[in-house]
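Just below is one structure, and these are the notes that go with it.
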Amino acid sequence: MKKSGILPGFGISLGFAVTYLSLIVLIPLSAVFLKTATMHWGRFVETVTSARVMASYRLTFGASFVGAVIDSIFGFIVAWVLARYSFPGKRIADAMVDLPFALPTAVAGISLTSLYAPNGWLGQYLHPLGIDVVFTRVGVVLALTFIGLPFVVRSVQPVIEDLGSDVEEASASLGANSWQTFCRVIFPAVFPALLTGFTLAFARGLGEYGSIIFISGNMPMHTEITSLLIVSKLEQYDFAGATAIASVMLVTSFALLIVINGLQARTRKFEETR
Amino acid sequence: MSIEVRNICKQFGNFTAVDDVSLHVNGGELVALLGPSGSGKTTLLRMIAGLESPDSGTILLNDEDATNHDPARRRVGFVFQHYALFRHMTIFENIAFGLRVQSRKTRLSKADIRDKVSKLLDLVQLERLADHYPNQLSGGQRQRVALARALAVEPKLLLLDEPFGALDAKVRKELRRWLRRLHDEIHIASVFVTHDQEEALEVADRVAVMNHGRLEQVGTPQEVYDNPANAFVYHFLGDVNLFHGRVDSGRARIGAIEIELPGSVSNGDGPALGYARPYEMNVTRDSKDPSAICASVRYVCGVGPIVKLELQNVETGTLLEAELGRRQFAELDLKLGEIVFVSPRNLRVFAEDYSI
Amino acid sequence: MSSSVSSNPVRGRGSAITRWTLICVALLFLIVFLVLPLASVFVEAFAKGWQTYLDSIRDPDALSAIRLTLVASGIAVTLNLIFGLMAAWAISRFSFKGKNLLISLIDLPLAVSPVVSGLIFVLLFGLHGWFGSWLDDHNIRILFAVPGVVLATIFVTFPFVARELIPFMQAQGSDEEEAALVLGASPWRTFFSITLPNIRWSLLYGVILCSARAMGEFGAVSVVSGHIRGETNTLPLHVEILYNEYNFAAAFSVASLLSLVALVTLVAKKIIEEKAGLRGGRA
């Protein structure tokens, strides 16, 4: 069972790791499901499918989906440009892609809000066009687009880099034009990684809180995301309700985690053993 | 198709990759571009393919100026060093690719494409692997697929960039012979790049030796080996022994050896280098020849059918290599440390100073 | 005679145009979505001048928020660092049943939404939670106090160091450590002289990611902290409070501190990536 060899420290390292993992992660997480289990089934269903909750699901899933789609399109372009071309400022652009990882979500939230407010740098041009971002669903999508970008870029970039330009040259030498090369050779090879990036951005968007609550206005039934709904219920001491909704979110997240792992395994399937 | 390359130059920044190269390849010929890394051979090949554009000079394919044509227009088949197979497509789809991307007008029917691909799979002996993916194949198999894929579009010209560079020695040797036989069968003008002189000499109809972006010599394998144009070619195509000497009024003095130099080679007095191949060295125990070099046996190594000797010049201390057949060695019965007398049977002298 | 200057492959006529169009689109997108928001933080922070900026940062509540942020991050990073080393050692140097399960479990906190991450500690330590009454009897405050903040921070940043170390140490193999042990080095000696130097860049990378996340965490901490000014507010929470009071200049001033940390993180990341040939780039 254990590869003994001569390396020491198996017992202590594994023991510590498992103990710490249980204390910090497993036991707390199980609290959600155990608490939910004490809830009457009917009550549970009623809570997680009430109108307000359903509206929040629609918004959360919908906005995350749209945000992830936008990220996939532009993220692919950004990844392509970073992987294939050189231009002034490339290293800075490459580092900037990780900004949404590094920047606290609250800071992202307030800066996006001020940027798109009717008197903000960008909002002042959009408002006259009738496009309102702050306190609308558009704002939610915008914030989620910001958050999810690095997931797509960093998933796709290594695959494009790995693809090498000789495959494109081979395609050209066989008579394909640029568009055919893109459709038949490049895109299919990159697609699994793009799908992984999309799913990662989507999953992240589902749980996002800090960057959205400032720009969305948090209007129930309209711009209220599920995370915020949980907080509202907590503030009203409705622990059971909050936990019920949380358990739905957890189950969804875990399901997505499994999907993501499957996708990442599939990406590796086509990798050559050079 | 014939290829004519005239005065091609190519620079990358400050680095001159190809320096005024002119070369002619006849239709149906198999030519090797041979040279060390950085000699410009791959760059030259890519320019013929249209994957790079020359800074100056012309490229003529079948007497037509193709310098500005893109790769697809040149009807060139290119085989890459690392195969460049499309990972997400099966072997069949890889080979069919060039046929499927053709415009509606010239495209073959699905049945015809299937037929053609099957024939090609037979040709490269990979019929059973049509539905496999590249990562399921060995290196040698992948290279054969790359070749079949290039041949599918019936190119007029086949270009191969170090096709066997990434393979094991044994597989390399097999594929080398296989390529030669294939070429004899299909007779397309082909140019391949290699840094392996054995490969070039064995496979090609003609060898073009390149160094530092320049073409040093072009000729049949026999020609470049037996009559190297300069010291570099001599050195690159096999092991050498170096003898230092001087050129003095039309005669070269190498050690105790004096050679008359034909007028075309000698141009004034100066230092000279004499070259002899290890198997052209006479090794005897008797000291009858006054110009023979006295040397001690430093190292004896049997390699298959020949015996390699490392000998040290007793006077100067320089090392010489000699190769003897096994029987010859047995007759001499040499031991380590023994004194023998060495003289080159065939000494080639280049008057210019060549430093390795 | 050809006089083409470019050393790029001869492609279709539109290739240079395509290339620059794509570059422009990409850069425009990055500027609008990433650079502008970042820039706006600093501009708004200084909108009312230097003095207001300094006052906002030197405000006692802000200072205690800084303190709490640093304390919580420091503890979280240290503990998760030790965990990361332990877990990576066990996983990369030994084979045992359930190894893959362990690796998946380590990733769990990443899949949990920040708010839920806070909720679970409420369920454990809140008044009606599992340990609620016990803690109350002993007068120990976890929720709405510093320990709660620290715990929530530990949870959300749990996998970061381990995720960097595990694949790296797996790829590295145990040859060098085995060689050292065979030559007679003690286990601790081997660890400090052989293992640590080898993993230093991955370790540093993981620590940087972990710290950045710890300092910036909002959702989870928001749920457990109770927002008690001067006591249980971290920097991000303080930003929220100031913003909700319409004290925009102050909010952005404090936010600018966090943004500076983010920028330093990005620079450090890039430097390490280039130095060590790493591409960390994961979620």
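Letters A, B and C mark the chains as written, and numbering starts fresh at 1 in each.
As a convention for this text, a residue touches a chain if its C-beta (ideal position, glycine included) is under 8 Å from a C-beta of that chain, and two chains touch if they have at least 3 such contacts.
Remember, predicted model here, so these are calculated numbers, not experimental data.
Colleague: Out of A-C and A-B, which chain pair has the most contact pairs?
Modeller: A-C
Colleague: Comparing centres built from CA atoms, which chain ends up most distant from subunit A?
Modeller: Checked the centroid distances; the maximum from subunit A is B.
Colleague: Averaging only over C-alpha atoms, locate the centres of subunit B and subunit C and give their separation in whole Å.
Modeller: So the centroids are 55 Å from each other.
Colleague: Once you find the CA centre of subunit A and the CA centre of subunit C, what distance in Å lies between them?
Modeller: Taking the mean C-alpha position of each chain, the two centres sit 16 Å apart.
Colleague: Could you work out how far the Cα centre of subunit A sits from that of subunit B, in whole Å?
Modeller: Averaging C-alpha atoms per chain gives centres 54 Å apart.
Colleague: Which parts of subunit A, given as residue numbers and ranges, touch two or more other chains?
Modeller: Where subunit A meets two or more other chains at a single residue, that happens at 169, 172, 177.
Colleague: Mind pulling the residue numbers of subunit C that touch at least two other chains?
Modeller: 9, 11-12, in rising order.
Colleague: Which residues of subunit B are in contact with two or more other chains?
Modeller: 50-51, 70-71 - these are the residues of subunit B that touch more than one other chain.
Colleague: Enumerate the contact residues on subunit B facing subunit A in the complex.
Modeller: 49-51, 70-72, 76-78, 80, 82, 84-89, 97-98, 101-102, 133-135, 149-150, 152-153
Colleague: Show me the residue ranges of subunit A that touch subunit C in the complex, using the header's touch definition.
Modeller: Contacts found on subunit A: 1-3, 5-10, 12-14, 16-18, 20-21, 24-29, 31-32, 35, 74, 77-78, 80-82, 85, 87, 89, 91, 93-108, 110-112, 114-115, 120-122, 145-146, 149-151, 154, 157-158, 165, 169, 172, 177-178, 200, 203-204, 206-210, 214, 227-228, 230-231, 234, 239, 242-243, 246, 249-250, 253-254, 256-257, 261.
Colleague: Hey, which residues of subunit A end up touching subunit B in the complex?
Modeller: Per the stated touch rule, the residues are 164, 166-167, 169-177, 180, 184-185, 188-189, 270-274.
Colleague: Can you check the complex and tell me which residues of subunit C touch subunit A?
Modeller: 9, 11-12, 14-15, 18-19, 22-23, 25-27, 29-30, 32-38, 40-41, 44, 79, 82-83, 85-87, 89-90, 93-97, 102, 104-109, 111-116, 119-124, 126, 128-130, 151, 154-155, 158, 174, 177-178, 181-182, 187, 191, 209, 212-213, 215-219, 222-223, 235-237, 239-240, 243, 248, 251-252, 255, 258-259, 261-263, 265-267, 269-270, 279, 281-283
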